[in-house]
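Across the two complexes that follow, subunit A remains constant while its partner is subunit B and subsequently subunit C.
For the complex of A and B:
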């Protein structure tokens, strides 16, 4: 996400932009929902200093204010570094708001069209029957009226042989949650549909269903299969796992709603999800439509530095090596999953340019044993500090060394390679990647224009 | 027991257990599997899974986390492992660079060695041809018929015939590959026309032999290594400085073996050679002003062996070349880089799978509204052409070299 956002904005600024990519990563894994900020990085600090702020944050604005107050070196904070002291918060909020609008505009009409906004966090239902705070979801996941009426009846519809979703256990988990919170809907049922893309009622994957539903006419059978359950239970809403199609999901949702006369929406899925696939595909297209060149299958391996600038970047494909000499470079290689960072018993390493990584407390991390920065419980509200490791940057998103000096004047970075950004804990993943990507992309574009 | 005796003992035990130790050059591939985080991202992209479902072909994740893990049990994967087209899509999307297509070859090699009875019959037939003729296709029985077939093709396509050049110390060895040598002869001839037009100092082999890729893909490592060695000898004997080929599979395979066997000369696909060595300016001069051909919208197919096994830059070169040809409009298909199903020798034993894989391409090709499809590989061209024809599509198909040779001014 960070690289594509940065590349797209640079290309939109009229620059010749080349993106190297080896493998897909966290963006493709994601649920396709864009989190801005759901939780503070350290819950206790928030309770102590901002006791009145509700968690999970009700609005991105609440979250950003809390983060900027308590953790000024969080990547969201860096966006505001150039602003006057009393305008930092407002400038960050304005940038994030603008980033959201930018993304929504670019993805409008695409297979990953988004709904939601900066005014509030929303709580879509996941395939586990839980809810998750997020800011934007794909339109296919949206239900306008689910929580509006206590008489609403929701059905979770699964598919026989589709092991990635169990409608019964989702129903149980969801009902438990509804009983605890007292929120509607209170009437929830489930059903299992007999739809099989390859004629066998077992071993069916999400992507097969999604591809199947991209075919013309596939909604007729699906609508017929759901209809009897809707009629039987008097359902007003139908929730299905996010498999309504890759390209056709939104049209399919509309067609189903028309046929059934009830609201239909997709759930938020576990990785790697079909909506994550849609998001990656739509972002790739956005970048290419802006004029960018995407060189997939090329791994940036090293760079040649001259004085305080990067002169060229060397990349490797399966059987070729290419050398690129750009005016500016943006490093958006992700964290441990993306491959931007690597860790072993000797310490943490930045993989492409051997830059200095820091811990979440901004201490050099080259010799830090990751095991000391993990929690004993794998699932803990405090998360794992090691996931907050990354690069420290200056106010322009240029990586800096231990003396605070930028490694190269024309090198910028963005996204999850940044330190003090623990997205799994904060639920800030794609939001930080987007916002910092746009900021770094603009800075790099400005510099490229200046040096030409 | 001495150390040597112990080593021999272990080796024999392994043999009894039907385990072949990994060679040095396989270790990296095996280690790549250790990086697999079992995320399943690759399944979403595998064209065979998309075509036939995970029940028939369990997909790349299953190859990485299950099928590759137990050498004595490799034979039990035979109903799945031969369905991989080796397209490399999984490796390209994998965040951990797991080299699934090479793992597939490695497993196939063990099955070939220990349980040849489980290797699909179609592959044994190809093997017999290769072993007998050093070519992946049965040579023409009657050389005159071969010439006749070539001439008919050239006449239909309006491509002139030029004499073969075979000489020592040329700058370039033009290596057409088995398909263009025996079947799609027009591609071989078209490439000669192109090389001649741009005054490239080239030679052909006096005795064409396979580069060894098909043997490697079926697991017959011994033959594949023999053929690689034979080609190395021939190349060294000719004293050429570069190798240029028109086949995508040959490009990736010869790039690989030339590196491993230290040929110390660069290997190019023709599109790379034209873009880098001949240059777009000269191509534009030659192709940019002809009025002879009516305007045409073309779409392209990206061969897996070029984009995913060599470099995606190759297809950028191909598009740049097409763009300098007068009257040519390029319409990119949504599935331009999707496997045509022709790889991995799948069509030799499971044609239904290969033909299901190509369906996605056909739909997207039709959507472009293009009148013609070009591909820089005679194998992909044949696979797509046959399936477009079967589907009743009016889109015509050409190898890129044929398309270019037709449009070059006659010298």
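For the complex of A and C:
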């Protein structure tokens, strides 16, 4: 996401833009939900200093204010570094808000068209029956009316042989939560549908279902299968796993709603998910439409530095090595999943340019043992600090060394290679990627223009 | 409170306890087995599964004889869960050749009865052909063969067979008191962790097979027991990185090993005296590096392998003090507490996985005597469930349209029981679905296990079907299997989510200590699933912190 956002904005600014990518991006594996900020990294600090702020944050703006107050070196904070002291918060909020509008516009009408906005966090339902705070979600994955009416009846519909979603467990977990919080719907049922895209009722994957539903006429059978359960339970809403198609999901949702006469929406799935795949596809197209060139299957391996500039970048594919000599470079290589960082028992390493990684506390991380930066609890609001490791940057998102000096004047970075935030805990992943990607992309574009 | 009159109560569901319960049940004694957690959840659950011919204990020929004979018995009763692994002991220094020679002579004496070849000395080229990862500087190599058993299945099959023969098996029942009247045991009181109730059972005798907790159990009856607790760590690699087992000298001259084990490789083990609560122990950095450094001399590329986790267990050794651990006997002692005024209570110290049946026989003989009945041990003759015949994996793979690989793994766990699982597939064709893709495990086996093998948690399922034991450590199967468990046990939504948290916690216990390399990316993915999307890091549940979390 960070690379695609940076690349697109650079191309839109008239730059000749080349994107190097090894394969699928981490975005393709994500749930596709664009989280801005849901939780603070240290819940206790928040309670102490900002006791009136509700957690999870009700709005991205509440969250950004809290984060910027308590953690000024969070990537969101860096966005505002250039502003006057009293305008930092407002400038960050303005930038994030604008980033959201930018993305929504770019993806409008695509297979990953988004709903939601900066004015509030929303709580879509996951395949576990839990809800999570996010900001933007694909239009197919949201029902505005679900929680509005106490008489609503929701059905979770699953597919037999599709282990990635179990309608019964989801129903129970979700219903118990609704009863605990008192929020509608209070009537929730489930059903299991018999759809086997390849004639076998087992080992059915989400991507196979999505491909199947991209075919014309595939909604007829699905609608018929759901219909009897809707009638039986008097359902007003149907939730299904996010498999309504790769390209055709929106149209399919509309067709299902028409056939069934009720609202239909997709759940948020655990990675890897079809919506994540849709999002990457749509972003790839946006980038290309803006005039960018995408070189997939090429892994950036090293760079040649001259004075305080990167002169060229060397990329490797299975069969050839290419050397590219750009005016500016944006590193959006991700964290451990993306391959931007690697670690062994002796320390953490930045893999492409051998830059200095730092811990989430911004101390050099080259000699830290990863286990000492983990929590004894697997899943807790404290998360694992090692996932906040990355690069430290200056106000222009240029990676810096131990003396605070940028490694190269024309090198920028964005996304989860940045230190000082833990996206899984904060629910801030694609939001930080988008916002910092746009910021770094603009900075790079400005510089490229200055150089020429 | 429930009252029942048992001949014998066995405390502890490890390899020894389940073997005792089986022996007692087969001899017709009214038997109750109480296990505070799950079957094979502690010491035996952290071993390498080697049913050793006693190669490490050449100074104790009677132990070597016993081990060797037990291997023959186990092959008779549980062949379906046993595998034979070739082992190389590469020699890098001339001085080690003579030790190797002594070992070869002792081993070879008993080789024929175990159906293995005598020890061979291989030229370096021959050893390197078998295992190309070996250090090419070796001057010679011993070659021999040892048997390995699935320790979880062994214990479970012993428990199930005990049940089949009339024993009552209760897991998640922790003994909290032993009532002694007139210097004789009268009853046990136990807390049932599933129902939350306190129950009791009257009994004529008690066998304390509490392993590293045996001294604590004895104390509940006012008896004393001395144990030398010794901890051992294993490092687990993501695949069978070696073709054969490799045994070599560690940094301190002890012997350590690298064994291909199921779909993984085990590197073990350390041996350190411990006074910690076994429930709280995890492998330390020093233990991990001790093992890696030790094997690195003989497998120089070992650090390129992907470490997926560690496990740590505690051996309840015979209390011989002021000698190194390696000099403590690998034999066992059956202790009759009658001499200290607690009649009817019998405890174990020492022992090994391979001698669990032998230990059970000795203790059950004593119980038989105490009960005043004549009885005969048959545990070395009667096969464990699943041993009825061979299974033709190729033809059933075709018939049921399930991959040969999945079926072969299934057969290796279950022998002929595989047909009962495939019967479920006949009725529910979607239960062919692969739930754990690393192992792999199909839905039908999970459902069969839940219905027939009394698991309460996903971790119990792991012991029964190897769920979540591969490179991804349950990243992708935890939530899928949790839904099946919730469905079969009719759990609430809350329990379903807590089961997910529990299994993630249990996997993390082992993933965390060696954290390096690709396992960081794996953990980022796992956090992506369960924290970022599932929000399970933030929502409130009734999750109970685990013992190692409370001290960590």
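In this section, the second predicted complex is superposed on the first by the 451 of 452 C-alpha atoms of A that agree within 3 Å, B and C clash if a C-alpha of one lies under 4 Å from a C-alpha of the other, contacts with A are read in each partner's own complex, and residues count from 1 in each chain.
Convention: a contact is a pair of C-beta atoms (placed from the backbone, for glycine too) under 8 Å apart; a residue touches a chain by one contact, two chains touch by 3 or more.
This is a predicted model, so every value here is computed, not measured.
After superposition onto subunit A, partners subunit B and subunit C are found to clash with each other.
Once the two complexes are laid over each other on the shared chain, residue contacts for A:295 go to subunit B alone; subunit C is not touched.
By the touch criterion stated above, A:130 is placed in contact with subunit C alone, subunit B being left untouched.
By the touch criterion defined above, A:203 lies against subunit B and subunit C together after alignment on the C-alpha atoms of chain A. Once the two complexes are overlaid on the shared chain, A:24 sits against subunit B while remaining clear of subunit C. Of the two partner chains placed by superposition, A:400 touches none, neither subunit B nor subunit C. In the superposed pair of complexes, A:380 makes contact with subunit C only, with no contact to subunit B. Looking at the superposed arrangement, the partner reaching more residues of subunit A, out of subunit B and subunit C, is C. In the superposed pair of complexes, A:324 makes contact with neither subunit B nor subunit C. Of the two partner chains, subunit B and subunit C are each touched by A:337.
Of the two partner chains placed by superposition, only subunit B is touched by A:277; subunit C is not. Shared interface residues of subunit A (contacting subunit B in one complex, subunit C in the other): 29, 200, 202-204, 271, 337, 339.
By the touch rule above, subunit C contacts subunit A in their complex via residues 285, 288-289, 401, 429-435, 443, 479-480, 482-484, 486-487, 491-494, 496-497, 500-501, 504-505, 507-508, 512-517, 520-521, 523-539, 545, 548-549, 552. Subunit A meets subunit B in the complex at residues 22-25, 28-29, 197-198, 200, 202-205, 207-208, 211, 271-272, 274, 277, 293, 295-299, 317-320, 322, 337-339. Residues 37, 39-41, 43-44, 49-50, 52-56, 88, 91-97, 252, 255-256, 259, 307-313, 316 of subunit B are the ones touching subunit A in the complex.
Of all the residues in subunit A, the ones that touch subunit C in their complex are 29-31, 33, 35, 38-39, 56, 126-133, 160-161, 163-164, 166, 168-169, 171-177, 200-204, 268-271, 335-337, 339, 341-345, 369-371, 374, 376-381, 383-384, 386-387, 423-425, 427, 429.
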